[in-house]
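Down below are the structures I want you to see.
One chain, subunit A, appears in both complexes that follow, with subunit B as partner in the first and subunit C in the second.
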Partner chain A sequence: MARVEVRFAGFGGQGIGLMGRLVGEAVALYEKGKNSVMTQSYGPESRGGASSADVVIDTEEIDFPKATELDYFVVLSEEAYNKYIPKLKKGGILFVEENLVHLDDNANKAKQIFKIPATKIAETLGSKIFANIAMLGYVCANAKDIVSEEALVTVMKQKIKARYIEKNLIAFKKGKEYKQEG
Partner chain B sequence: MARVEVRFAGFGGQGIGLMGRLVGEAVALYEKGKNSVMTQSYGPESRGGASSADVVIDTEEIDFPKATELDYFVVLSEEAYNKYIPKLKKGGILFVEENLVHLDDNANKAKQIFKIPATKIAETLGSKIFANIAMLGYVCANAKDIVSEEALVTVMKQKIKARYIEKNLIAFKKGKEYKQEG
Partner chain C sequence: MSKEEAELLEVMTGKHFVTGNIAVAEGSLAAGCKFFGGYPITPSSEIAEHMARRLPQINGHFVQFEDEIASIASILGASWGGSKSMTATSGPGYSLMVENIGLGMMTETPCVIVNVQRGGPSTGLPTLVGQQDVMQTKWGSHGDYEPIVISPSTVQESFDLVISAFNFSEQYRLPVTFLMDETIGHMSEKLVIPAKEKIKIVNRKKPTVPPEEYLPYKAGKDLVPLMAIAGDGYRVMMTGLTHDERGYPEISAEAQEKNVRRINDKIRKNKKKIIKTEEYKLDDADIALISFGTSARAAKGSVNRARKKGIKVGLLRLITVWPFPDERIDLLADQVKKIIVPEINYGQITREIERSSHGKTEVKGIFKLGGAIHTPEEILKEIEKGK
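Coming up: the complex of A and B.
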């Protein structure tokens, strides 16, 4: 397997760091022979509410943990889209929260664009806080070389607070089964 | 300010990642003009229980998030000490959980070595799970160019689960006030 670079990004409160941690741990603990590194950057912009988490996955040791040419860009806010879309590699894959991100010309370089109303799906479960996990289910179902559902669900059960796990597992399933119209 | 590199390391279950996230966020959100990047690496060794989290702090933008020459090494297990002590820079500062880490010749290159029985302190509060925060209090009091107490406590109150926060704040205070004998 070649190196795979994934960036999750959105605004503060969307649980972007958790997405990165879940995927990073799931890969390393349960995907045989794969390493992963998760990086969270906090700059002055984090005071304005932007948030991002990179996961780099490789069968080799990962000497350079920073994502520089994204194979996958999973984005839950307009601001994060505008900031990081230049980093998506040509032929990369884009996942967007369709009601929070407005695509522009930069999206043309993506090989595939997956859209999901993750926040609305979460709201059917009572709170938009589940949007990150709905998105993660959608990513897991459609991005075959990131992480398996089994590994991710195992780590979710370990890391997510007991009182939230049930609804997160439903959000994950709804994301996983979501199909774009048309 | 020059770049500062900090590594937290120990075994799984000690809450090493949380130490990194608390410091990373506290620096970026509440220390004026400073950026930080937090990196968690998960390799095959993470299955064996090793855990580490790096925080790089700089007033400049951080292009290379990986810590390569540690200014500070905060270590809570023997295995992690043996693995990473070669990365401590000459004249760097070492913080050790004194009952879990046995120093060797490599420790001579440290300018200062701070020892604390963090796990025993945590156990006086009912559980060793507070050892990471006791250590963090000790680090905060003695490593002046990482992060302020005020910033760290603010972020702890936001990120630590409600039912654990009170004891964690006590653990932090005990660590902060701990003095080595002799």
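Coming up: the complex of A and C.
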């Protein structure tokens, strides 16, 4: 497997950092023969405004730890879309929260665009805080070279507080089973 | 907490996915650190936070002081009281600590100072990466001393090498600087912590002679004096003044010659045992990269990319930044036609390489002044110019 670069982005409070940590840890600790590095935007610019978390995955040793040309861009806010879409590589894959991101011509370079109303799905479970995990379920089902469901669920069960885990697992399942229209 | 329960929590054996800052904290605990005195500063604060949580679990002590001057003073004191001790800071805090690092050198006090570098000078770039403190760790305090400075490139190394830092500090009796940077400090990777019995720990040698025969600064063949702990019943003498073997101040050229030559020679004469480098694809190289810390990862990336294009380039990574591997670089200068040095400063290591390659090959630094790390592509451009 060649190097894969994934960026999760949105606004502060959407749990973007958690998405990166869950995927990074699932790959590093539970996918045999794979390495991962997770880096986050850090500093005052990451408090509110566009927030991002990058995961680099490789079967080889990861030399350069940061993402430079994104294979996958998973985005949950308009501001983050505008800021980072230039980093998506031509032929890369885009995942968007369809009600929060308005796509422009920049999205044309994507080989595939997956859209999901992740926040609405989360609200059916009582809170939009589950939107990040619904999105992760969707990513897990459609992007085969990021992380397996088994690894991700194992880490979610360890890292997410007991009183939230049940609803997060439902959000994950709903995201996983979501089929976009058209 | 009972002694047995506390011991169980010292080494968190297993697989983890953590940042370099957490790894260095866990490595310090595994090395036997029982005291942290510090003043939080970005980008090192998570080390202090983690130690504040963890040290009480293992019957250790964490104290947040009013500033970095008090912090460094406290870890020297804790060490004389018998605890392995540490602090963690960044450039601005390290600047405040250098005077007492000199005291630690003169009193031969084992301790570890972690510096998670950010961009400087002054308060500079609190949240962004830098590698600008390299020379400060060598020359920061006045007078002659030979520091040991270790620089990790991965999260795993942040754990493994901080144990070496503690071991060197105990073996050679000096403050050791662990030189990280913001990128390593904040990125997450897999960390494997081995079983406690697999971790090699070195402890300072203590006197066994009757107390009246003990001379606190008399050294044997290894040039390192035995260290009595305050309260063990031996005379414990500490002074920043030049001193004799009893530890009494003696203001003379003869005493200075003996005292200061020995504290330098204990490192100089053991340089071969201390210096650690990683060599990557250097055997047939006619261009060499020399780098350390985060920059060395970008450098390795550029070697991999250049090799795919058939360019014979390799990497010498400095794991110990000080003492400097002069002899290896002298040899490398005979082998290659160009040495390229990516570093996140305006030419600190580059100058050392110019010095140690004796004009035998071209030395070209690629500098970033802080705030971002090099990309492999940037370094590759320089490699392609030189092929």
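One rule holds for everything that comes next: the second predicted complex is superposed on the first by the 178 of 182 C-alpha atoms of A that agree within 3 Å, B and C clash if a C-alpha of one lies under 4 Å from a C-alpha of the other, contacts with A are read in each partner's own complex, and residues count from 1 in each chain.
Following the convention adopted for this analysis, contacts are C-beta pairs under 8 Å (C-beta built on N, C-alpha and C of every residue); 3 or more make two chains touch, one makes a residue touch a chain.
Remember, it's a predicted structure, so these values are computed and weren't measured experimentally.
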Clash or fit, subunit B versus subunit C on superposed subunit A: clash
Subunit B versus subunit C, judged by how many residues of subunit A each one touches: B
Which of subunit B and subunit C A:Leu29 touches, first, second, both or neither: both
Subunit B versus subunit C as contact partner of A:Gly17, first or second or both or neither: first
Partner chain(s) touched by A:Gln40 [first = subunit B, second = subunit C, both, neither]: both
Touched partner set for A:Phe64, first subunit B, second subunit C, both or neither: both
Common ground on subunit A, meaning residues reached by subunit C in one complex and by subunit B in the other: 21, 24-25, 28-29, 35-40, 42-44, 62-66
Contact set on subunit C toward subunit A in their complex: 15-17, 43, 126-128, 182-183, 186-190, 294, 297-298, 300-301, 304, 373, 375-377
Subunit A to subunit C touching residues, read off their complex: 21, 24-25, 28-29, 35-40, 42-44, 62-66, 68
Complex contact set, residues of subunit B against subunit A: 17, 21, 24-25, 27-29, 33, 35-44, 46-47, 61-66, 161
